[in-house]
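Pasting the structures here.
Here come two complexes built around chain A, the first alongside chain B, the second alongside chain C.
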Partner chain A sequence: MRPTWLICAREFRAYFLTPLGYGLVAALLCLHGLYFNVTLLQGEHSSYEVVQGYFFQSSGFVAAVAVLVTMRAFAEERQTGTAMLLLTAPLPEWQLVLGKFLGAFGFLCVYIALSAYMPLLIMVNGAVTPGHLVAGYVGLLALGAVVTAIGTLTSALSNSQLLAAVLAASIVALLFACWVVAGAVQGVLGEAIAYLDLMLSHYLSFSRGVIKLSTLVYYASLVYLALLAASVALRLRRWGA
Partner chain B sequence: MSASRGRVVAPWLPTALAFVALGGVLLAERLLPRGALAQINLIVAGGTAVLALAMAGVQLRHAPRGRRQAQGVRVGALALVGAGVGLFIAAGWAHELRAADTRALLLAAAIGASFCGAVTALALELSVRQQRHAPQVDAQRTLQASGLGFTLSLGLVALVLINFGANRLDRRVDMSYAAPTAPSEATLALLRSSARPIEFVLFFEKQSPVLAQLRDYFEALEAAGASLYVADQALEFDLAKRLDVNRNGTVSLIGGERHESWSIGEDFELARRRLVNLDTAVRERLAQLTREQRTVYLTHEHGERPDRAARDGEPDAAAQFGQIIRSLNNKVLYLSPARLGREVPRDADLVVIHGPSQRFLPHEVASLRAYVSGGGALLLLLDPDADHGLEPLLATLGLAPLPGVLAHEREFFRDTQTLADRGFIFSTDFTTHPSVRTLNDVRRRAALMFRRAGALERLPDTRAKTTFVARTRARTFLDTDQDWAHDEHERSGLFNIAAAVELAQSDAPATRALVVADSDVLDDKLLTSEPNLQFALDALLWLLRDEQQGAAEVAAPEHVPIRHTRDRDLLWFYGSTFLAPLSVLLLGLGMTRWQRRRKPS
Partner chain C sequence: MIAAESLSKYYGQRRALDDVSFRIGRGEVVGFLGPNGAGKTTLLKLLSGVSMSHAGDFCIDGYSSRRQPLEVRRRVGFLPDRPPLYDDMRVGAMLRFAAELRGLQGTAVTERVAKVVQQCGLSEVQEDLVRWLSHGYRQRVGIAMAIVHAPALLILDEPINGLDPQQIRQMRELIRTLAQEHTVLLSSHILAEVEHTCDRLLILNRGRLVAQGREANLRQQLRPDGFTLRGQGGVEQAAIVAQSLPGLRDVQVRALDSARFELLACGSLAARSTLVTALVQHNLGVEQLAPRQGGDLEALFLGLTEVPPSTGPGES
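For the complex of A and B:
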C-alpha cells in the first residue's frame, strides 16, 4: 500500500502547489455562500428546513468540485507527456488508480470541511441537532466519493482534461436524472432505474438526517465499480502501450 | 483436416448466436404480450442457445492445441448464457404456476448467469478481433481479456446482490428530528391496535419529489403491518374515484369499508409545511378509522379558559386543546350549568374543567362528585389563585391545593423579562404513570412548562389511589405574597403539580381523574411546546382508557425557526459569501509564496 499513499500524497500536494487550487475552492465557496444566502436564508424557515436545503444544494457543489478536481488525474499526465512514466511504473493498476482517487478525495474533503461554516451559522442562529449534521456530512462525503471515482474513471479513459470533465459531468447528470427516466418506465425495470438514481432515491435521506445502509452500500458499489473500471482502462492502455 | 473442419463456421458465430438467443429472451420478456407468441419466441431462443453451444463444442473438438484454452473459455461462457436462457424459460413456467418467489429466484439466477456469460464471451471476441492482423492469436492475452470480462461481470452481479440484500435488510439510523422519516410510537400503536387491515394509497406521479420525501415514512408503516400502494391518479382512475381522489398529491387511508383522504400536494415547496406535520396527520386519520368515537364534555360559563377569551374578545386560548381532543376521534360538547346542575350526561366519556375562574354552584359540584363517584373520567385544570369552589370535588379525589403560586429564583423560562417570569417554571421529574409515560421516557430532553402553577397535596385517610405524576425542580418555593421572591416564611423544596387519581368501584370501571394545578399547561401558547402537547395526548389517552395506544415520541425541542435581524442578515451575507472565500484565497497566496521562497534554500 505504500506506493498508493505516495501517489495519494503527491496528488494531494499538487492541488496546493499553485494558487489555482485555492482559487477553485474560493470561487466555489463564494458561489456556494451566495446561493445559500439567496435560496435558504430569505424569509422565515425553520432550522431543519435550512439544514436540509443546505445539504441538498451542497450536493451539487460537491459534485462540481469532484468533477473539476479529478479531470486532471490521468488526462493531465497524458497532456504533459508524463503518462508513459506512470504506465511503465512497476505498480499494479489498482494502486495507481487508488492513489489518484484518494488524493482527489482528500482535496474534496478539504472543500467540504471549509464549507462547514454555513451549517455552523445555522446552529448559532437557529438550532439543529448534531445528528442531522453528521448524517448530512456522511451523505456529502459518500456522494463526493462516488463522483470522484467517476471522475477518476473518465480521466483514465480520456486524453484531454476537458473531455474527461464533460464525460464525468454527463455520467453524474445521468445518475442524477434516473428518477425522471424511471417515471417513464413501468415495472421492475423502472424500479431498477429508480434505484440507480443518486439523488432522490438515495441522497435525499442523508439531507433529512437519515443514514441508510442500502444507500451506503450502493454508493460504495459505485465507487468500487468506477475504480475497477478505471484500473481495467489503465490495463488496456498498458497493453496498447 | 481437423483444422479446416473447425473453420467451416466463423469462430465468432456461436457467440453471435448466443446474443441472438438473449435478444429473443428480451423480446419475449419485455416487448411481446404474454401468450403463445412469447412462448414460441422463448423456445426458439432456447434452441438458438443450444445450437450456439453445440457449434462452440464442435469448434473446441477441432481446435488446434494452441487455441484450445481460449476455445474452452468460449464454450464455458456460452454454457453460462445457455444456462441463463434455460432459467428464463423455467421462470416463465413458474409464472404459469403462480410461484412468485420461485420465479423471482429463477429470474435473478437467469440474469446473473447470462450477463456473466455474455460479458465474458464479448471480452474474448473483442480480444480475438484486436489480434486479427497478427499471424497467430496470443492465447495468454485472450485468456486475460476473457478473465477480466468474467471478473468484472461477476463483480457486478455480486454488487447487485449485495445491494439487493442491503435494500431488503433496510437498516437505517434516523438522526432527523422533524422530518417524517419514521412514524411515531403512537401512530404505530394505533396501527397495531387496529382490528381492520389498514392500507395506504399514495396518489403521486412516480417522479414526484414529494413522493420521494414520503417513501421512508410510509415504508416504515408498511413494515409495521400496513399495506402500501403507490398509484397515479390519472392511470388508476377507478381506484381514485372510489377513494374520492381527484388529483395527485393525495394520501388515502383505507380501513375496511371506511377511508380517509387528504391532500399534501405535488409542489414540493407547498407540500413542505404539510410534510413536517405528516405524522400528526396520519395519526389523526388513523384514530378516526380505528377508534370508536367518544364524547367529551367541556364545562363552561364558569369563567373557563375558552369563556374568558370570548369575554375579552380574544381568540380562543384553548382552541388547540379542543382540536387535540377531536383529533383522537372524540366528539366535543359543551356542558351548560343548567344541564350540569341536573347531572353529568350519561354519554360522557370524559368531563374537562379547564381553568374556571368563577364558583361552581353547590348542586353542580354535587353532580360532578356523583359522576366521579360513579366511575367517570375527569380532567381538572385549576389555577391556584382562582375562586372556583371545587374544593369538595378535590376532597372526593383525596387532594387539596396549597395556598400560593409556585416560583423558582433560578430555573425558569424568560418571557416578559420581569420578576413574574419566575412563575414560568418547568418540570422534568415524572413518574412511570401512563398519563406521563412518554415524558418519563424522555425526561432528560422534555421540560413540561407551567405558568403560575399551584401545588397539590394528598389528604390523609383518603381511599383514592393518588399518583403525583409531575413534580417541580428542587428549591422551588411557594410564593404566598406574590412578590416572586423567596421569603423566609415561604415553603421551598419539591412540590407536586399534577396528580392522577383512581377510585376503585365495585360495579363499574375505576374512576379516573387527572388534576393539574395550572390551566395554562394546556393553553394554546404552551401547547406549541412538544412536551406539553405530549402531556395532553398521554393524559387524554389515559383518561379515555386508551393508554395502551401510547402517544407520539417527543421530538427534541430544536425545530425552531431561524431568527432574522437586519444586522445579523448582513453579517451572514458578507461573511459567508465573501469573507470565507477571501480567507481561503489569501491563505493560498501566502502558502504558495512561502513555498516558492523555501525552494531555493
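For the complex of A and C:
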C-alpha cells in the first residue's frame, strides 16, 4: 500500500502546485458562496430549510469540483508523458487507481472543508442540530467519492482531459436524473431505475439530516465498481499501447 | 538474461511486431536500429512493461512478462524518448519519488538517490525545479530515475536526441559507465552513436528483426563476398575492365589520387582472380586485394532495411 499513499500524496500536492487547483477552488467557492447568499439567505427561511438547501446545492458544486479535478488524473499524465513513470512501476493497476482516487478525494475534502463557513454562519445566527450537519456532510462526502471515482474511471479511459470531463459529467448527469426516466417507466424496471438515482432516492435524505445505510452501501458499491473498471481499463490499455 | 521468443504486436490490422526473437546477455550494450515505423518503440514499450504483446513472451532473469509482469518491471529501468518528469517537483524529490515508487524504502532510498545523483552528475541541480532544467539535464534526470532502483536491464530510447556535441560526449561516457552495472538496450536514429556505444546490434525493419550480431559480422552477412582492390592506373579504364567481367556485382570504382584507384565489388574467389588477370592484361597495376571491411554503419543499415523482406508483415 505504500506506493498507493505515495501516488496519493503526489496527486494531492500537485493540485496545489498548479493554478488549476487553487484557481478552481477559489472560483467555485466564490460562486458557491454567492449562490448560497442569493438563494438561501434572502427572504424568510427556517434554519432547517437553509441547512437542507445548503447541502442540496452543495451536491452540485462538489460534483463539479470532482469532475474537474479528476479529469487530469490519468489523461494529463498521458498528455505530458509522465504516465510512463507510473506504468513502468512494479505496481498492480488497482494501486495506481486507488492512489489517484484518494489524492483527488483529499482535494475534494479540502474544498468541502473550505465551504463549511456557510453552515457555520447558520449555526451562529440560527438553530442547527449537529446531527443534521453530520448527516449532511456524510452524504456530501459519500456523493463526492462516487463522482470522484467516476471521474477517475473516465480519465483512465481517455487520452484527453476535456473528453474525460465531458464523459464524467455525462455519467453523473445521467445518475442525477434517473428519476426523470423512472417516471416514464412502469413497474419493477421503473423502480430499479429510480433506485439508481443518486439524488432523489438517496442523497436527499442526508440533506434532511437522515443517514441511510442503504444509500452508503449503494454509494460504496458505485465507488468500488468505478475504481475496479478503471483498473481493468488501465490493464486493457496495455494491450493497445 | 533477456530471452524474447516470437513477440508479436498488432495495432488494429497492422502488425507492428512480427515474430521477433532475440537473446541479450548480462552486461551487453545492445543497439536497436531501424527506420521510422520499424517497431523499435513498440518493442521497447513491451520490454519496459508499458504494453503487452499479443503473442510470444520474454523473460528477464527467468521471470516471464506474462506470468510475472511485476517482477519483470522491477528489473527494468526505462528512459522513454521524452523523460517522464513532473515539472513542479525538485530533482531530488523526483528521484526519491521514483525510488519509492519502485519499492525502495528507508535508507536504501537515500543511498541510491545519492549514488545516482553522483553517477549522473546532478549534484548542482539537485534542489532545482525540474522545469528549470536544460534539455541535457532533463535527460540525465531521466536516466537517474531509470537506474535508481538498480535494474538489471536499462532501456534508453533515443537518449542523445537534441543534445549538443559536448552533452553527447558526456552522455556516451555515462552510458559506458552504466554498462558496467546494467545490461543496456539503446535505441537511436543516430547511427554513429550506436556505432560508438554498442557491442551488438539488433536491426528491425517493418516489425521484423532482419539482423542481429556484431557490426563486422553483420557486414559479412550482408555482403559475404565483398572485396576491395587497390590498383594503379586510370579509374575509367579500371571501371570498364571490371564491368565487362561476368561474376562481379555492385562494382564501384573511385580515384585515390591521380594515378591510383580503389575498386569495390562482390564476387567469388574465381571472379576476383579473373579480375586481377584482366587488370594486369590492360596494363593496370594491382597493389592490394582484401575482403571488404570498410563501409560505415549507414551503408550497413541501408543495406538491411532498404529492401523490404519478401514475407514481411503487410501494412494496411
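Basically, the second predicted complex is superposed on the first by the 239 of 241 C-alpha atoms of A that agree within 3 Å, B and C clash if a C-alpha of one lies under 4 Å from a C-alpha of the other, contacts with A are read in each partner's own complex, and residues count from 1 in each chain.
The criterion applied here is as follows: a residue touches a chain if its C-beta (ideal position, glycine included) is under 8 Å from a C-beta of that chain, and two chains touch if they have at least 3 such contacts.
Computed from a predicted model, the values in this text were never measured in an experiment.
Visitor: Using the superposition on chain A, decide if chain B and chain C clash or fit.
Guide: These partners fit in the superposed model.
Visitor: See if chain A has more residues touched by chain B or by chain C, and give me that chain.
Guide: Per-residue touch count on chain A favours B.
Visitor: Check the residue A:108 against both partner chains and state whether it touches chain B (first), chain C (second), both, or neither.
Guide: Neither partner.
Visitor: Return first, second, both or neither, reflecting whether A:149 touches chain B, chain C, both chains, or no partner chain.
Guide: Touch status of A:149: no partner.
Visitor: Kindly classify A:65 by the partners it touches after superposition: chain B alone (first), chain C alone (second), both, or neither?
Guide: Neither partner.
Visitor: Please indicate which partner A:140 is in contact with in the superposed arrangement: first for chain B, second for chain C, both, or neither.
Guide: In the superposition, A:140 touches no partner, neither chain B nor chain C.
Visitor: Let me test your reading of the model: by the given contact rule, A:167 touches which partner, first (chain B), second (chain C), both or neither?
Guide: In the superposition, A:167 contacts neither chain B nor chain C.
Visitor: Which partner does A:10 contact after superposing on A: first (chain B), second (chain C), both, neither?
Guide: second
Visitor: Does the superposition put A:18 against chain B (first), chain C (second), both, or neither?
Guide: After superposition on chain A, A:18 lies in contact with both partners, chain B and chain C.
Visitor: Going by the contact rule set out at the top, does A:234 touch chain B (first), chain C (second), both, or neither?
Guide: In the superposition, A:234 touches no partner, neither chain B nor chain C.
Visitor: Taking the C-alpha centre of chain A as the vertex, compute the angle to the C-alpha centres of chain B and chain C, in steps of 10 degrees.
Guide: 160
Visitor: Between chain B (first) and chain C (second), which, if any, makes contact with A:209: first, second, both or neither?
Guide: Only chain B is touched by A:209; chain C is not.
Visitor: Please give the least Cα distance, whole angstrom, that chain B and chain C reach in the superposed model.
Guide: Between chain B and chain C, the minimum C-alpha distance equals 5 Å.
Visitor: Hey, what residues of chain A end up touching chain B and chain C alike?
Guide: Shared contact residues on chain A: 17-18, 239.
Visitor: Could you list, by residue number, the parts of chain B that touch chain A in their complex?
Guide: Those residues of chain B that touch chain A are 30, 141, 148, 152, 155-156, 159, 162-163, 166-167, 169-179, 181, 205-207, 209, 212-213, 216, 272, 276, 556, 558-564, 568-569, 572-573, 575-578, 580-582, 584-585, 587-589, 591-592, 595.
Visitor: Under the touch definition given earlier, write down the residues of chain C that touch chain A in their complex.
Guide: By the definition above, chain C touches chain A via 11, 45, 48-52, 54, 70-71, 73-74, 76, 78, 80, 82-86, 88, 97-98, 100-103, 105, 145.
Visitor: Write out the stretch or stretches of chain A touching chain B in their complex.
Guide: Residues of chain A touching chain B: 16-19, 21-23, 25-27, 29-30, 33-34, 36-37, 41, 44-50, 52, 114, 117-118, 121-122, 125-129, 131-132, 134-135, 179-180, 182-183, 189-190, 194-195, 200-201, 204-205, 208-214, 216-218, 221, 224-225, 228-229, 232, 235, 239.
Visitor: Using the touch definition up top, name the residues of chain A that touch chain C in the complex.
Guide: 2-3, 6-7, 10, 14, 17-18, 81-92, 238-241
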